[in-house]
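Structures given as structure tokens follow.
The following pair of complexes shares a single chain, chain A, combined with chain B in the former and chain C in the latter.
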Partner chain A sequence: MSAFVIAHNTFRETVRDRLMAGVLVAGAALLAVTQIATPLALGEGRRLTVDLGLSSISLLGLFVVVLVGTSLVAKELDRRTIYNLLSRPIARPAYLLGKWLGITAALLALALALGGALALLLAWRGWMVSAASLAQGVYLAGLELAVVAAVAVMFSALSTPVLSALYTLGLYAVGQWSDDLRAFAAHFPPALGRIVGALADVVPNLPLFNMRTLVADGRPTTALHLALATGYALTYVACVLALGAAAFERKDFK
Partner chain B sequence: MQIPTSLEPQRPAAGRSPADPAGLAVCARGLGKDYVHDWTRKVTRGLDGLDLDVCRGEVLGILGPNGAGKTTTLKILTGLLKPTRGQAWLMGEPVERTASRRNLGFLPEQPYFYDYLSGLEYLELAGRLSGLDHSTARPRAAHWLERVGLGDRPRLRLRKYSKGMLQRLGLAAALVHEPQLLILDEPMSGLDPFGRRDVRELILEQRARGVTVLFSSHILPDVEMLCDRVAIILGGRLARVAPLDALVADAGGVVEIRCASGHGFELPGECGPIERMERAGETVLRLADGAGVQRVLAALLRAGVPVRAVTPQRHGLEALFLREADAVDAHSTDGAARRSA
Partner chain C sequence: MSARSRALTRDGRFAAAWATALATGALAVALAHTAARTLPAPRPLEELAYYPSGRFIEPATLGHAQSAADLAWLRAVQYYGEHRDTDNHFARMAHVFDILTTLAPHFTAAYAFGGFALAQEGRDFAAAERLMQKGVDANPTDADLAFEFGFLYYVKPGGRDLERAAEYFERAARLPNPPPMAARFAAFARQNAGELAVAYALWADVRAHSPNRYLRDMAEREMDAIRRAWAARRLELARRHLATPGVQLVR
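Take a look at the complex of A and B:
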């Protein structure tokens, strides 16, 4: 219950931040850029627009996670607003869960807004794209942001905003290459290969959420892929938040 | 025999006798806190073996110089710090449990708030987080905003609030769910005389409602005005805890005798130490206590000196506090127990 109250407040905090308005403007500007670049795309204007439109959800979402998410808890510690919350009957894990829920809701709203703008642009240009495929692409981009937000919230509870941002960006970058890491592991000596393989398993498997090529081709993905991606995201988020909550539980607020 | 009523706090028995935490609003046993430096691992003792009982319905003030352990004590009780040693209970619940804070209203020292919210939104949030449902939280928030004098601009964002307004809002946030226990860390800090008066009235109003109030303060006259009992914490230890009147009586006092000047007289030696001074055309005799007053008066009358006034002057809480702090300083190895009052 209290997690939802905190989530509502975190959502309010994120959407009232001027940064969010800036991100929406940047998203619109990116879509406009695709239209300027379309004549240079040799008849691939639709593909370029879809690809960049979906990429903008991931990149601008990541921007919000790094600038807002990684300081979400640290800022409360720094400004001591956390005293007013945790001196109430709120379990610390519920507090972290609420923070994640709130920023995830804001990120999903951002994904929906940018996805909606992309759909409108495609319709205006008369480029036919499968609505189901586009919706699935936006959904998976939102799931990816939810996973990265959980990582950011965990680091934010344990570290300074700058370090949290670095850790989150690092994990995001390695997560984008997790498939390649797994492939590389097979070519390393066995001991090193196991370490690299384990690292690839621990970092978030972000390629699972990437279906930009499919959407650009106008092909929807399978229900199994969607179910697997959803299950993986929820499990990964639960593990990361549990880890963060275990450390946060022992924290002193001096 | 006086029958205790719900509004009259029952005082706990002195000493370390095992208390029933369920019958007390606050109970602490052997509470200790060590702070470990992140890099050097140097340990600093913040609190050392604190035993404290606060009865239901009582107003207890915690006094102590900066760094004595007042805020550490309050943060342990409110779950913000984990004790290194000992145990504590709020309304019978161990402080480690979330449920212990269900009936608690807490005002931290120099409270900070979300500046993107309005006063009304913040109080509603505070109420919801303390267990009020949506339909109750909004009217309760409006009521308390009005009650602390901020009701005229409910939509004003907190970034535009002054320090005094934020302190009032903090108090309203502590009270919005109408808790049975209030813990206030320096509630008068940063307030002008009007603000201090309003806060005092609020605390007295809560006491009349039967709410237990535990607060720390540096402003001794406020403590004298509000408290049933006073606890003095020095160097991380509980130096004294007693009813206010008993503390002030223990502090003793001088007796001042004013008489006409220009009369030569000798005081008998058995009258004890007497300070003699000339002030505004009068001779003023200051006796360390009231024991020798009769003999001094008899001597003055025998000498034919007109006596104009005999005034007992009791020491206040401040004198007692400073005396306790000096005593701890004298025994402490580093002499740093007392800093500033």
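Take a look at the complex of A and C:
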């Protein structure tokens, strides 16, 4: 119950942040840029709009995670509100879970708003795109942001905002390369290959949430893909938040 | 609650958190392995890792290969336009289109545009053929692309390749949602390549299935011409002399 109260407050705080308004404006500007570039694309304006529209959800969401998510705990420490909170009968894992739920809800709202704007723009231009494919693309982008937000919340419980942001960005980058790491591991000598393969397992497997290629081609993905991506996101988030909770339990606020 | 029992509770939560992390972590790894094994993972830039100027492009896109492909498309169009208007020198065009289509293997418009630009203005038919073959391999059910590949052979600069053209026209005609002219082009190409028996069968198919009366009449006329050529044992009666296609470049 207390986790939901914290989640509600975190959500409210995040969506009221001026940064969120800026991100929405940036998203709209990016969509406008696709329309300016359309005449240069030799009839491929639809593809350009879909690709950059979906990329903007992912990249602007990452921007929010890095600027807001990585300082969630530090901000409460600065304001000393965390002492009031944790002196109440609120378990520290519930506090972290609440923080993650709140920022994830805000990120999903952002994904929905940008996805909706993209769908409206496509409809206005009369460009036919499979609605199911577009909805799936936005859903998977939302899952990706939920995973990255969990990583940011974990680091924010352990470190300073700047270091948390660097760690989160680093894991995001390596997470995007997880498929390549796995492919490289197969070509390395066995010992090194096992280490690189293990690294590919530990980092978030973000390519699993990327179906921009399919959406641009107007093709929906399979139910198996959606199920695996959802299951992976839930278990990875649970694992990362549990690690964060374990470390947070031992943290001494003095 | 005493300090001792609070400490015990915290220890319990610490242990539970680690147990949860290990259990869910193992499950996440298992799911990631299942996904890697079962899902068709497009690995658009694997071979680009070995290209001197294209190395590490996909990792650098951080999962945004499609957007990178769009930027490459804009760049490719600019490259084509710049050189079409100035020196008609297209030395890097094959490389640009190769990177672009490796980033977006299903971007069929890029294969068609790149293929014809390479063959006509770039005067590099081998590169055009490689690009189109790559497109047809990556999109085996795309009838339009198969037709375009056939058309590339049909207008091959310096000498039409009617047999290869007919091969791809026929392939396009057999795929779902074929261009309406695919069967007609296949028959026409076979007939003018001298393969009258195949052409006759293809024209018969056009006559039987085309919803267009004009095309059915045309098929009937061509079938008549082939029958006359067979009767007179003069195959040239059913063949036309097709001029060698070329392209006028702006200087």
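The rule is simple: the second predicted complex is superposed on the first by the 254 of 254 C-alpha atoms of A that agree within 3 Å, B and C clash if a C-alpha of one lies under 4 Å from a C-alpha of the other, contacts with A are read in each partner's own complex, and residues count from 1 in each chain.
Simple rule for what comes next: contacts are C-beta pairs under 8 Å (C-beta built on N, C-alpha and C of every residue); 3 or more make two chains touch, one makes a residue touch a chain.
Worth saying up front: this structure is predicted, and the values here are computed from it rather than measured.
Contact with chain B, but none with chain C, is seen for A:Arg16 once the two complexes are overlaid on the shared chain.
More residues of chain A lie in touch with C than with the remaining chain of the pair chain B and chain C. Of the two partner chains placed by superposition, only chain C is touched by A:Gln176; chain B is not. Applying the stated contact rule after C-alpha superposition, one finds that A:Val33 touches neither chain B nor chain C.
Of the two partner chains, chain B is the only one touched by A:Arg80; chain C is not. In the superposition on chain A, contact of A:Leu226 is made with neither chain B nor chain C. Contacts of A:Ala91 after superposition: both chain B and chain C are touched.
In the superposition on chain A, A:Leu208 contacts chain C only, with no contact to chain B.
Contact with neither chain B nor chain C is seen for A:Ala135 once the two complexes are overlaid on the shared chain. By the document's definition of touching, neither partner reaches A:Leu158: not chain B, not chain C.
When the two complexes are superposed on chain A, the residues of chain A that touch both chain B and chain C are 91, 250. On chain C, the positions that touch chain A within their shared complex are 10, 13-14, 17-18, 20-21, 24-25, 27-29, 31-36, 38-39, 41-44, 46, 58-59, 62-67, 69-70, 73-74, 77-78, 104-107, 109, 113. Of all the residues in chain B, the ones that touch chain A in their complex are 35, 75, 78-82, 98-99, 101-102, 104, 106, 108, 110-114, 116-117, 125-126, 128-131, 170, 173.
Residue ranges of chain A in contact with chain B, taken from their complex: 2, 5-6, 9, 12-13, 16-17, 79-81, 83-91, 250, 252-254.
Residues 37, 40-44, 47-48, 51-52, 54-55, 58-59, 91-93, 172-173, 176-180, 182-183, 201-202, 205-208, 210, 212-213, 216-217, 222, 224-225, 228-229, 231-232, 235-236, 238-240, 242-243, 245-246, 249-250 of chain A are the ones touching chain C in the complex.
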